[in-house]
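First chain A sits with chain B, and in the next complex the same chain sits with chain C.
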Partner chain A sequence: MKLRRSLPRPARYSGFGLLRHALGGAPWPPVWRRHDLRDRYDVVVIGGGVHGLATAYYLAANHGVNNVAVLERGYLGGGASGRNTAIIRSNYLTPEGVAFYHRSVRLYESLAADLNFNVMFSQRGHLTLAHTDSALRTMRWRAEVNKLQGVDSSLVGRSEIGSLVPHLDVSDRPRFPILGGLWHPPGGIVRHDAVVWGYARGADAAGVHLHQDTEVVGIDVTGGRVQGVRTNRGRIAAPAVVACTAGWASTVCDLAGVALPITTFPLQAAVTEPVRPFLDTVVVSGTRHVYVSQTDRGELVFGAAVDPFPSYSSRGSLEFTEGVAAHVLELMPALAPVRILRQWAGLCDMTPDFSPVMGPTPVEGFYVDVGWGTYGFKAGPVAGETMASLVATGKTPDLIAPFDLARFTDGRLVGERGAAAVGH
Partner chain B sequence: MVLLPCPHCGPRDAAEFGYVGERAARPDPGAATPQQWRGYLYLRRNPAGWADELWLHRAGCGRYLAMSRHTVTGDIRAVRDAATGGAD
Partner chain C sequence: MNHDVAVVGAGPAGLATAVTAARAGCRVALLDSAPRLGGQFWRHGASESSGREHQAWSVFAALRADLLDSEVDYTAAAAVWFVESTPDGFRLQVTGHPPVRARRLVVATGAYDRALPFPGWDLPGVVTPGAAQALLKGSGVAVGARVVVAGAGPFLLPVATGLLAAGARVAGVYEAGEPLRYARRPGAIALGKLAEAARYAATLARHRVPYRTGHAVVAAHGESAVSSVEVGRLDRHGAVVSGSRRSIGCDAVTVGYGFTPQLELPLALGCGTWLDVDGSLVLEVDVAGRTTVPGVYAAGEVTGVGGADLALTEGRLVGAVVALASGRRSPYPDSVLTRMLDRRASQRRFARLMHEVHAPPAGWPSWLDDSTLVCRCEEVPLARVRAAVTDLGATDARTVRGLCRTGMGWCQGRTCGYATAALTARLGGRALTAADLVAYARRPIAQPVPLAELAGPADQSGGKRYRPA
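Up next is the complex of A and B:
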């Protein structure tokens, strides 16, 4: 797939440029520009998270479609894209899911070079722990599905786990001892803000208009066809509108009369004070409802499953912090003296089968790229690439055909729960 | 701690309750098309505002409750035992 054209870039980032700015003291140019709202765009993308920005970027970069607006109610990356724990992996459960996320990992591998923006993708390895026989069974199944798709993924035993993760308690002491794990070397973490800013900068350079503080309050549909959108800054005509609004997907699609199989739940995360580097893998425990990684700054990042009931408020809760702390200590008792510094929440658009909803809707010209639940950051690049291709060519790429909205009324669910409920 | 009102037990910790789902009229299984039935199973209103929900007071009276809850503020404006009528 080599469609990419050369883009007009702002000043390229380089070691030489860094030196020049450091010595010369010249201010850095803004990373993206402001524009007046045009009254017509070829494509309007709603939502300025990684999905909306990647879709706009690939529309311009791969298809030469650059009369495109991204409309963001708040600031770019202010939704889940700026709140996630940035785990990237492709060791899913279904062949459809594995092929799709595998392509995304590939795109992440070359993203820094493609965007000329350091996204700090660290493929440090991703380890999912099994504490029960049934968890081990699912992992064996996942490992085989992964291998068939060419994804590096295998079952490992206790002793190997002990050497992969030094401070993990692999003894029989815990209430649920570790029995084995699923080891996925290409998995890792990325700098989520950098991915958002890199796509924003690339899209801007290619001519896309990025409009912050611009809320879509209505979607005009006549004769079953989308005509454009209404915003707090005025009306825009557009023959194609793409909703990339994650946690708010239902409220935005409701404006077009499109019903979704989505419920919005908050997901929380927390970080500790920085400690010396000791953890160079991502460790996930489904049974313990927790996962841990260490950032480049030394903070430990903790996450869990979604809150127990739906909400559009991103408040944190003490129950979450207490739970996550207790579970982490079962895994790594040595962390007892480490203090949690902050916690936060973001909204997740959960689907019944833990797979996304991507593609056309019953409203012609209105597309969705939603249902990203707790796992959508890793999908940003491939979702942008495939949605751009769909909107530009009218043809649904094979990679996303299984994730169409019609699967719910046709009864073709793509069950990923076993690979996505806790380990995002 | 989030408190939820139970008509039988009074205000209790939300952790005692299980969220069951949005309340929606169940189509007649004999008459509904597969499409209608699956719409009932999967499609949700998911409003950012007042939602009509079904909850189970799992660790309390064990009763199913019909609750009108605001999904942004968390306010609850009505709750009743799901089995004891009231306008649907």
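Up next is the complex of A and C:
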């Protein structure tokens, strides 16, 4: 305790603080600090991405539990949190999903103020295109489910789409002409690094220890109860351990003897050279297997469905790039001369019903926040809030009760495929 | 058509490889991104007369004649932007042309200038020597009317004399290395090199161009473009000797510290690399030019920067090696091959000496201030790179890239990669490693490709072209 008080706390960012630093020339304190590993923490969170950091932050901020360690194998935000395409939305298909992601959008809306850190959330609107009658029918269904939950979401026709995104080819010329779309004004994009850094800064300020380059190599379980974890830096005793990993959830949970119905697939994305801003919505086409958004810096970000084969490879492939280019040009022919600069891949833990796995496990004290498929980033805040509540109080919040591990044995799947297969 | 070998790059190394392998009976595809043969070394304009100023132009003319005589399938303006291995060799994706398939691949993609950041290096008028030379050779344009030539390496000399020949004034040549150190190992220097150096020295003297060694351009100043540079004398650590800074008026400055081999294609195939004496990331090759990946060969600057003579020797050797590997007879008798191997070894020794003499000055980071841009595309200043290491805990170059976006803009790390990797290592208190440089050199899409190029299905002529339905 004495040690912690002697360390400088990250100062609150403000206009006054900015002026003081500008005039006084004093260096900014580190945004988060390094610590020695303690022998014991009240809670150990595995994974230093947005989910792990948010869980730790809300444990401290909402429940006063701050003897918490976040263990990250690489660097904070270096996994799926740094590889996703940062789309935020709540226009899902199931009532359970909609309510859950709706809360996340709400948290994102106030996140910059809550964390005193600009996360650059741009609610520019999210447009999902329908090219077939069946897609249109699913969208109508989604729009109704959304409205019942109080989510702004409606079906729009071709002419409206043409005025929302003038660069879209809404004619009959493409092989799959655009028939209509699902328009979701509160959806948008966020600066993913800023979300990670904001949570890390907030958690650190509240006393949480963030340990980078710290890999969990074992989870100790005795008598059906978790005792702690073993890391490359030593053993930690802890009565509660939360797995918040993406891409490696099955291997991490395997350390505790908890089997998950998860298959891991790579998901690729690509980015073009920056061009003048012209696209102020997120455009998704399930039929064409592609989505497009334009960053604040002018780059176009493309993504698609996950790769067709399970693997732990995070390399790009030519098939993906060629496919995504062809599909984008069918939607927006004017982009033909724009050049692709870079592509990358991340790992997605896919579950059978395209919904996450959250809650307690058969191992007492071992909690999971995994199975985030292609929709993990947008759920970061709500996942952190609910997992923190579960770990601190022992009661499962209603919002995540449908996503428990037991649903796969009880046959209570939350089928979200219709709204999460491509439009992540 | 399936070729025995695809040669990427039509500079000295690639041309020599292609001609040699074809003479032995190989079916060779030669691909180059430029509209004309010759690479950077023999870059020339549309008219034949534009080549007369070049070194060893007769060697080029002979190679070109051999090439046009041969069966080599040469494609100009064909940039290879993706490579993959297939069960029977390699498939190359080429801009504006159908994919090329070949059983073996020779990487002869050469190198580009290595830039080090300094305050003001983002001003218009600050260019690399290679850019100045490309403008001169390709278009007959001098980069400025009064030019300062600086950096390290013998390449500064032809740039300075080329500018003089084009009518520009050269305000000074500032070499960071100490060329007198060549004298320590006179045995490694060929007579031809001495004669060449003497010719350059005479030209500079005739035009009264000051030539200073142990000096560097450490800052550039100007409003909308460079109007002066600060030159300083370097101590043995590469830091500026206090009181030695002085200002020199100019409207352009070329600064470059050696070269960076262009390795996108071999890195995509998983070829092994190592850190050369000059700090460049280069391919690991055996004496026959074989990389660590079966079927992939390398010749010229990608195996270690050493100049056109060495590239020609390596090209001929690798040409013979791929011919033998393809089941053809060697185009050279064994005695000639042995002589070539000896020649290569002595040229490599000279290259090594050259790197020692002209190494980038270790103290270059001390020229920078907090606001100096390290990455120009993404406008990342030194302070942010430092914060990534000291405040955010990054230990490797890849993490720094993730944290502050160095190398993620237009150049994709080609310009800023070396500097960022070197800074990361230094801030972390360790030596630069090959892995640091790989983090900025690995680009599965080897160059920016238009969406239309990626999207188009092969049309009747075999070319890829996007056509809206």
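In the analysis below, the second predicted complex is superposed on the first by the 409 of 424 C-alpha atoms of A that agree within 3 Å, B and C clash if a C-alpha of one lies under 4 Å from a C-alpha of the other, contacts with A are read in each partner's own complex, and residues count from 1 in each chain.
Note that in this section a contact is a pair of C-beta atoms (placed from the backbone, for glycine too) under 8 Å apart; a residue touches a chain by one contact, two chains touch by 3 or more.
Since the model is a prediction, treat every value here as computed from it, not as a measurement.
Colleague: With both complexes overlaid on chain A, does A:322 touch chain B (first), chain C (second), both or neither?
Modeller: In the superposed model, A:322 contacts chain C only, not chain B.
Colleague: Counting only touches as set out at the top, which of chain B and chain C does A:309 meet: first, second, both, neither?
Modeller: Touch partner of A:309: chain B, not chain C.
Colleague: Considering only the touch criterion stated at the top, classify A:37 as touching first (chain B), second (chain C), both, or neither.
Modeller: A:37: touches no partner chain.
Colleague: Looking at A:342, would you say it contacts chain B, chain C, both, or neither? Reply first, second, both or neither.
Modeller: Once the two structures are laid over each other on A, A:342 reaches chain C alone.
Colleague: In the superposed model, does chain B or chain C contact more residues of chain A?
Modeller: With both complexes superposed on chain A, more residues of chain A are touched by C.
Colleague: Hey, what residues of chain A end up touching chain B and chain C alike?
Modeller: 318
Colleague: Which bits of chain A are touching chain B when the two form their complex?
Modeller: 248, 250-251, 254, 259-264, 308-313, 317-319, 352, 408-411
Colleague: Once bound in the complex, which stretches of chain B touch chain A?
Modeller: On the chain B side, the touching residues are 1-2, 14-15, 17-19, 21-22, 34-35, 38-39, 41-48, 51, 71-74.
Colleague: With touch defined as at the start, can you tell me which chain C residues reach chain A in the complex?
Modeller: Per the stated touch rule, the residues are 82, 84, 93, 390-395, 399, 402-403, 408-410, 412, 443-445, 448-457, 466, 468-469.
Colleague: Going by the contact rule set out above, which residues of chain A touch chain C in the complex?
Modeller: These residues of chain A touch chain C: 30-32, 34, 74-78, 82, 169, 173-175, 193, 212-213, 272-274, 315-316, 318, 321-322, 324-326, 328-330, 333, 335-343.
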